[in-house]
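Structures given as structure tokens follow.
Okay, so chain A shows up in both of these, paired with chain B first and chain C after.
And then the complex of A and B:
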């Protein structure tokens, strides 16, 4: 037929028939459905393929501890005298208080029985763990620039339960590094994203330079 | 070359090596191997395949017995400034920006994971300071557990070189930040492993722009010179020697030319 439109011009034209317009719509429909599935696979399926959920050894209650300690975050995550940062507390530090089960929380019971009494370090999941070739020091950021813990770590300090931890199946890094949104758009879900450009953007804003390679790499 | 962050003071670290004090014991090499996780092979007798960040060369004056003299020359990366303080030969040729001039310290950086192993920089370096990893490092027995976490170990197919123990600078700066005065890094706070290991005190290290540091005066000595100085690479490593033949051996002189320290004298 001579009334063909552009969107059907890719259909076979050897058998002119009144159904021809309909064939075009069917092809378009299949394309749309296929495209939808691809998008769904990319945005929903792929992250699940790439990341696996890793359970926390202990569901730590930050809010509960914050009420009991004197110096906020610094009570357990502190600077050493040489300026290095302690990070997650070791068993010895926890043991100062948790020699025996003190409360009724099943998590504390599990902690004391499985780790304290067996003298075993807790294999905490570290949300912000960076690759080996990255140099990061807390001192310039916290002492030098006066940043809050929450500026990079989110409001984990007030949480009653640990947020989910996912690990990249290929690299073994935490999902927090890329960010939970695959598109990396919009407000981050839990805490600021920690890819190199995320560091760079803030450094350019604050110091007018992204710094030389050695400033952050080794 | 990245521009200087607004809060950082520029320094220019350099080294002065007194060749008249060096005994060639190679303590600096050993200290460097263990400090920087430098890998070694089962068979280390073929030195061309060795990886080392500082290497002790032996040079002689080439004269027969009664007049024979020997000099040992420890040679790390020269950390060249190049033209206009920021264009060392190796940095100019790197297509991957794996090596760069670190403006805050005057040190030439090398990021092994960024390197893809083309070895242009090796060819560009007139000092053979850069080494290529032909194999993945293999650590004997449980030695892997003794590696320093401050220095990232390298893998097969990348270049590595001396960094003037940059992680020690990071450590010093971290402590300075913690103490509240970020720019207050004293000479003793940041010293390289080879400097501290040298039993005869032949190596001196510090900020060459700071009059309080020993290198500031030492590098102005009449007997100070640099390797292949006339190439214009502007090395940050100076050597001291009162022996003329050592000066002559470290650069290319014509028959009638005299090293600057001995010009117009019969030494």
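And then the complex of A and C:
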């Protein structure tokens, strides 16, 4: 018996169980937690870390100016005699009208006092600024293809207040280039996106060709 | 529920898989790629309206018109100005790269005073007022001690309003020692005086219209002389036009010439006489010019009844066979060269200005001038052109007693003294004079340096450095921290040429009376001032007759006044051509009889016989003894290496081939035959020794170099400027040594004896 007793006591059911780990469900749960955390971090946390909100030096009212000028966007954003595009107006151009404070808008007052009177260029945030390895010419798009400004820049021309500007902490360029939607899906929030594939897609649509590399990368 | 290692692995797995489905890796990769385009040290041109501004490059004496693309106050790009009469759009690499000097780290940014030991490069920044009062204080003390004549000025040019202001300053102060740095101009000036009676006139060559250019060693396409003018003239060469190059090395010019004649170096004068022999013997000369406007072609009798040998009798000796023996060229080649030259529609023979190493050989220069005279191609389209500079409307200098006495004293460099009465400037002799003098009787007690870098460019440069270092007070007006500025006590930095006004006189060797205006393109980047303004301020601060001699408000006022009615055109067009046509033959020569002197009666010669006055061939020995130096070192010029006062900017250094400069090691060129004798192979390191010094170099075997010759590029081996420029290769001037002409004191050495030994 004793032998049997011995035998019984040695059966596996009575012995302290050998190391048995977590069940498959637990492991899966951890996988899902990790997976979910990544998705959350990548889609929600990451954009907030990557971009910082930069205040505009002056909250420019495009709509107000559009009512006062004669030639629409061209009045301030014009083509120079050599065909190059002027981009944002320089202080000298603004000064033609704003030598002194003319209205009651605090933004105008700030502009005159901090920039005009101190002869300092306004460090405008440029939503559409491209890296230097991209050569972009407005002339073939606006003059050649007859595109509207809004086709690429959105309806900023009719806005009373500038839309928010977020700067990419790594590159220093505007969030508008990638687009506000991290997935780059759906309609863009403010204005068309401006990554290379956005140019390419439009070119393919309009001209059946994406063009040659050196057209933009000179 | 148990949690173990596998759970955490699973968590990590979940994180890893999950993040692939987020924008994180893709967006960060993309952003990093863009970030790499935005290094803060990568210069990015400003955006804004583009303007093109015309001005003139002054980094060498070539005077090329340039246009500068600017955005706001930033110069972005330089190109040749297509409507400028000198270069018509052509430009050398130095001109293209000159923006690197405008914005580069070798600029002297404020006035500086030396604080460390001389040459240590330790300076402190001082204000302009302090700097000017210190300079005028020192000069005033020197003058009061009765040593006004010991002030010297070394200038890269003696033409143009700024050098004129310096000359004027020395005149009013009381010193005769205005010294121009040596150049090909020296020998041409003397030849023009001897053969045509002109003093201080320009000799140019109309290469644009010449149909046959016989070049005696001119680096026309090697960046010597006026590179833009020469490149452009060659670019318009068509099939009917010929370039023949006489040179011991297959240079760029020789490679592009129709014929390359590798005459032994130093024998070019004999070749010119051989060509003249064939022309005279076959009656191919311009009889109209010879009979009507020349003197000394035939034998002649002087007032005392003595018969003298004429040029015709002289060249009679120089048969093609004899010249062949001297030069090593084929006799038939000499014969056919002479016939082709004389029969060409507009032949021109050139030498001097544009040589890499202008050997100031008066005989050779006279012989080359005589060739042009023989074919009647003086003051003709496509020929040798003589013209004067515009006269500046400037009042007489006011001199007090000290000034009158001081300017009458003999010059420190011995030019114009009884020993070398017909020479104007002899900088090459100055280091020896200084080394031989003790501190008290040093003939130069104060030195001003403008537009020159003599510590680098003077041959035997280490001795020159030691000699100049003995001068108690040195003032440099350089824009850059060059070798001479580094040695100075005070630096009064000039603007970069894109920052201020300056007139640019007709470039040496260009057959046109053109004066250009260098005008500001951008605002001064640093606290620099136009040297013209500074010298006016120093004069005024010294007061007395010196101050009275400088009555102008500032340099720009002086410039306008000096050019009078021409100034409007000058500022509107950027240049003015002040003599449309050269003088006709009956008014062209200022000799006693108004004729071109084949026999230069005025020549101050070592001997008294006819042959020492006539341009006979005389063998010129070069410095060094034959026992120790079996080879001859000659410098060569490359369009990719700036060899003057200004060093090679990094953009240009990048273009140098790896068999010319590799890392810091410079390659010399030798013929494979020479290399065999010395047991040297391609790429070997060797030590080259000359009487002036020695250097470690590497060997590049080149069939285009004459056996027995070692060719070394000029313009490398700088020790100053910036860390991006200094310590690359060897300065050939440190190995060369001048050898003085017995009658003129000018440096006639075409090279130096050298030995080469495997290291």
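Keep in mind that, in the parts below, the second predicted complex is superposed on the first by the 180 of 218 C-alpha atoms of A that agree within 3 Å, B and C clash if a C-alpha of one lies under 4 Å from a C-alpha of the other, contacts with A are read in each partner's own complex, and residues count from 1 in each chain.
Quick note on the criterion: a residue touches a chain if its C-beta (ideal position, glycine included) is under 8 Å from a C-beta of that chain, and two chains touch if they have at least 3 such contacts.
Everything quoted here is computed from the prediction, not taken from an experiment.
**Student:** Is A:70 touching anything from chain B or chain C once the two structures are fitted on A? First, second, both or neither.
**Tutor:** neither
**Student:** Touch test for A:133: chain B only (first), chain C only (second), both, or neither?
**Tutor:** Both partners, chain B and chain C.
**Student:** Report for A:168: first if it touches chain B alone, second if chain C alone, otherwise both or neither.
**Tutor:** second
**Student:** Kindly classify A:212 by the partners it touches after superposition: chain B alone (first), chain C alone (second), both, or neither?
**Tutor:** In the superposition, A:212 touches chain B alone.
**Student:** With both complexes overlaid on chain A, does A:46 touch chain B (first), chain C (second), both or neither?
**Tutor:** Once the two structures are laid over each other on A, A:46 reaches chain C alone.
**Student:** Going by the contact rule set out at the top, does A:100 touch chain B (first), chain C (second), both, or neither?
**Tutor:** Neither partner.
**Student:** Could you figure out whether chain B or chain C reaches more residues of chain A?
**Tutor:** C
**Student:** Just checking: does A:84 make contact with chain B only, chain C only, both, or neither of them? Give me first, second, both or neither.
**Tutor:** A:84 sits against chain B and chain C alike.
**Student:** Kindly list the residues of chain A that each of chain B and chain C touches, one partner per complex.
**Tutor:** Touching chain B and chain C on chain A: residues 82, 84, 132-133.
**Student:** Which bits of chain A are touching chain B when the two form their complex?
**Tutor:** The contact residues of chain A facing chain B are 79, 81-84, 132-133, 135, 137, 139-140, 143-144, 203, 207-215, 217-218.
**Student:** Touching chain A in the complex: which residues of chain B?
**Tutor:** 1-8, 97, 100-105, 107, 109, 111-114, 150-153, 163, 166-167, 170-171, 173-180, 182
**Student:** Please give the residue numbers of chain A that touch chain C in the complex, ascending.
**Tutor:** 20-23, 26-28, 30-39, 41-43, 46-47, 50, 80, 82, 84, 86-87, 90, 131-133, 168, 170-173, 178, 182-183
**Student:** Of all residues in chain C, which touch chain A in the complex?
**Tutor:** Of all residues in chain C, those touching chain A are 1-4, 6-8, 10-19, 21-24, 27-28, 31-32, 34-35, 37-38, 44, 47-50.
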